[in-house]
């Protein structure tokens, strides 16, 4: 059994019962709906407590419960470049604004990256008379490049010397 | 003269004068720093008033001012997949969470996309004792797929029938 | 069950009964044949009323009916670049005329795009003594790039200032 | 001198004089603005009369005039997949609707293609209270696959036998 | 059932019976062996009369007969670039001589293409004391680029003015 | 100096003098126009006698003459897949008919290839009341796969045992 | 049944019986082990006599025997670039030394290629106190580019005029 | 001036003076030679103190000094997959062992990654009678996936619950 | 049965029994856990003694045991570029530091490579108050490019002449 | 100055003086012509003695001499897949026979690779009444995969236990 087999099974159950993601995320609970949905789609791991509730909700076997708890081989559910228009728009944002984000983040924080691992994401509807908007907020820890000395153990140089 | 030539010229001036993006964006003013920076990097157009101020700031020719006002061939400053780690992290987010975002946005809004054109972006530092975070907020107009009738002029079907 | 499985099933039924798309689109009705055909091929969603009629026409299960109503992961039925000559000719048009369309649309409308979401398409036979022609009309809403100010809530700049 | 050099020269002159494509197309005249613009961008050939007027308008040399009259190596001004959002939307239409167009065109016309060579294109603004629309009309000659016999000279089989 | 399934079935029957393509093409008859073979491999459509004979020859079902009559999604039986040496040599010819063919065809015919749709192909053995040769003859209709005027209905410009 | 530099020089001279390929090929003479044109475009080598005449015709230096005589790094003047419609149609023929050509050539000749090296090519206009046709004839030596024995020197097995 | 199915079957039998390639090649006999192994892996054709012995050795059906005798669609068992280190090293040799081989072979033989069809290959262990070596010898017929005249039938020009 | 121009200049000076990297790294000092070398090659940023010493060593202008201090667009000096054998071997290690590293690191640390940003690297010669070895030690901070709750501000779930 | 089938079977057993890699590696024993894990994932070969213990542990058939002992077609379990963030970070290290590693290794060792075959790898947890670190040590034999003379048998030139 | 600049300079001198590679390799001497030619083309390093002779032969500067002595970024002179027919034939051999070579080398030597670094290559003309042949001999050291124990320092397992 692969993780793809499990994802197809979960989606089949969701469809047959007529469930929504809101229903599934509330039933599993205790965690961001983004992460629970991503785990059902095979892109995230569920913690143990959540696995137990998913097992009950979907009537899974022990092995299926364990599979939900394994860190999956991420990034396989979305072809790149994305063919689906909704997903592509995010890809386009990276392509059009990526260089700009780099300039502005590094001017503010110094040399480093925004973590995609220690990362939080929320999505909500923002009512607007001209047409409602998708409002997304992300927050990722800034990770500065470390400038270690040649000898291990040497105190690292401060990375914000400027 | 190509847009790439102009971008290299602007970056040379910025470096020689020791300017920051904050300085440039304040000098040009009246618009989001994200858009002004993107325009200087060749990925956005500056409106006329901003072009005039950019001309003064950078001592541009008339043709260079007009070039800043042309909609550029976007998306050329970032190789895809991105080789730079900061930009790549955003790409990775699309690859890992893209399918999830699609599920959740369409469950909330119906069938459609979040616009990457009628789109706003802010970035700020979020202080955190465990390490400051990059906080990003995006808002894009939701655009539903329209379900036109077979005969042109036929009143379109409501797209949120469910 | 995946959307691909459903598409293969619908095509098998169409072939076994000897139906045309015209027949299927008339039976499902109430919407452009382009959209109904695209939904049967797995690239569009059918609204609820159309799903009900498709269920009856093809003798689908409840889960299959719901699957037809889900927004599919679009863009998977056509390899890019297209290998099929009919589809490739459209790809070639984008490659040969894309830069020209960009220049002319933006000279007329300002900086922005033609929506591929709020979009209508018709195809008809145009009799011609030298050989009939395929006549295609498309209409997509023009979406201007918005130039938001740095502070959210700031009144946006008019995008047609020139 | 390459065709790219000539394109850059024409765009420099256009920018320095502050011309629009409408002005250039009217000055060269006698042909669709789409074709004249495409020729200036290096994707089409200008006929001789138009070359003469372009020579006068842009003050070209004899060799530059001849270069405008040569069939260019088409398709080089647009990267594929397109990075620019305006051009990408057309690419997306081919990806999402390509299989559908194939089904409907071949159900109506039989086995063959819509020519991208014997092809006409118009673009106009369609006023709409919800936001103006880009209205595009294309017409391409239908070219049926020919079913020649094994012996050259054998009268071909009718291709619309069904 | 997909077209690939049908192709595998036809090849299995051919192999089990020990048939040659010559035998199959003669049995189906009335058309170039190139086209009949291509249809059996899933790259061409068979006309109705040929479908009926193929049905008899291979003992096909009604649905399989209809599938042979559908225009297939062409170009899927050959990976590009081709991995097979025989097919690759043709690819190499396009790569090495393509620019030359363009120059010579357009010097003779004007701006346009050789059709790959209204196209005939024969292959024969040419005895040669140094080793027999494969002799291939192709003939495709020349399709000139049309130079339509801006207004639809305007008499088109002659495309061979030079 | 690279071969690309020489090609650009030759094309500049051709354009400035208003020469045709027919004129150039006649002036250089003694060989197929296809090969002479290909050599001028940097995809073939000219024999010594032809190099001498090309030197005189184009007023080349000794080093340029020698460069024309070097076997070039072939296949660089045509992007693959071709973006130009005329060249693409040949690519499409390989993609659509490649598997068919393989079946038919190997049924006739046994296991092997048609040489792209010991290869001849002619192109001519074939008048046709429905529109003139491009008539192409190719002839390449058939090269059978050799089935050598394990010990070098062992007489090879006949390759046409069937 | 596809050729891949047959290859998997042959490898399963080899593994279950604990055979080596040396054993299989001796049992089939009469030909280079390289060719016999390649045929079992689906990249070469076996001559009729060898097919008969393979049929006996592996207890194949008549159709499987015939499939071994068909020229396969070569080049499908190795992804390119190769992911396996042993195969990759050969790929690397082509990448690093390809231009050098071209220069030296063409300086010695004139303009042409080394055939990959009329080609022989042996591999042996070369004992060496610093570590045994893989010793490979290849021999391929040199095929000169032919320089045909414009008129078919014209005596070809000597290709080694220099 | 681009970063590539600066890299070429630094390498020219290094070559003309006959310097080694050891010399350059000692002269600039205070930091790992890996980082200093990477900065000279355009893949890392130098801190301010190091920039000042590099300026002196290479006699750079003020703008060149500032350019060395800018975070570069990383990852552009190595084509991927690498064509150079030394670099390729590391790429191969990722390809062959990547899945294994994922299994073992996540079994030891939980779900997350080894940072490539907070990362240290040393290389040394390890004498060995069978041939000296390259000894590499890397150390990267482990970054666990964070499992934030749906409400921002909610205390995060512990990520090592198992 | 393919190696992929065997890998899926081993992972299913591991999951059903709730085993860790540490447990499996201890049970099979006598070799680095990295190599044993890699063999279970299909990227390495197990020696005979280890195969016997794996057979017992997983209750494998004789053929499955032999399959574990075959050198696999390596590099197929990790898509390149890696989509999984953990594996990607190593890929990124090669992309960002590859050119630097090449410079420093070759300055120290001369022209050659670090072997990815005669190669050792260890991974361990390095406790750190700021967050534990993944500590990786690699050691690969340095392989110098050999500079053989033109005549085989000629004593090779020393490769470290400088 | 880049290595590409130096290669172009050496080829210009070779062409202007009318030299052959045989002449250059004899003048530089003391090493295989394959390696000397590869170094001139930018794919290999010349040892110091050879650099000195190359400097004299081509009248190089000190910096150019040093550049010839640097290990180049290999593999950049040949696009992959190769577009040139001569080089492509070697690529094809890897694609068609790669899996076979792997099977046979590993059956003879065990699990490992043939080195592309400790590697020798000769090419010679093999006269043959049916057409001369290119005879190539390669010899590369066999490098077995090492199976280190988990503890560094542990005596490695013999890799040829079977």
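In this document, chain identifiers A, B, C, D, E, F, G, H, I and J correspond to the written order of the chains, with residue numbering beginning at 1 in each.
We take it that a residue touches a chain if its C-beta (ideal position, glycine included) is under 8 Å from a C-beta of that chain, and two chains touch if they have at least 3 such contacts.
Note that this is a predicted model, so its numbers are computed, not measured.
S.K.: Could you tell me which pair, I-J or G-H, is linked by more C-beta pairs in contact?
M.R.: The comparison resolves to I-J.
S.K.: So what's the Cα centroid distance for chain D and chain F, whole Å?
M.R.: Chain centroid spacing, chain D to chain F, equals 29 Å.
S.K.: Roughly how far is chain E from chain I, going centre to centre by Cα mean, in whole Å?
M.R.: Inter-chain centre distance comes to 47 Å.
S.K.: Indicate the whole-number Å distance between the mean C-alpha point of chain D and the mean C-alpha point of chain I.
M.R.: 53
S.K.: Among the residues of chain C, pick out those that touch two or more other chains and give their numbers.
M.R.: 33, 44, 71, 73-75, 80-86, 92, 95-96, 99, 102, 106, 112-113, 115-117, 119, 137, 143
S.K.: What are all the touching pairs of chains?
M.R.: Result for touching pairs of chains: A-B, A-C, A-D, A-H, A-I, B-C, B-D, B-H, B-I, C-D, C-E, C-F, D-E, D-F, E-F, E-G, E-J, F-G, F-J, G-H, G-I, G-J, H-I, H-J, I-J.
S.K.: Which residues of chain B touch chain C in their complex?
M.R.: 25, 30-33, 35, 44-45, 47-49, 69, 71, 73, 99, 102, 106, 111-113, 115, 117-120, 122, 137, 139, 143-150, 152, 157, 159, 161-162
S.K.: What residues on chain B touch chain A, complex-wise?
M.R.: 20-22, 33-34, 37-38, 41, 43-44, 74-75, 77-78, 80-82, 84-87, 89-109, 112-116, 119, 121, 123, 125-126, 128, 130-143
S.K.: In the complex of these two chains, what residues of chain E are touching chain G?
M.R.: Residues of chain E touching chain G: 8, 12, 15-16, 18, 79, 82-86.
S.K.: Quick check on the complex: what are the chain J residues that touch chain E?
M.R.: Chain J residues touching chain E: 81, 83, 85, 88, 92, 95-96.
S.K.: Considering only the defined contacts, which chain E positions touch chain C in the complex?
M.R.: The touching residues are 1-2, 62-63, 66-67, 70-71, 73-76, 80, 116-117.
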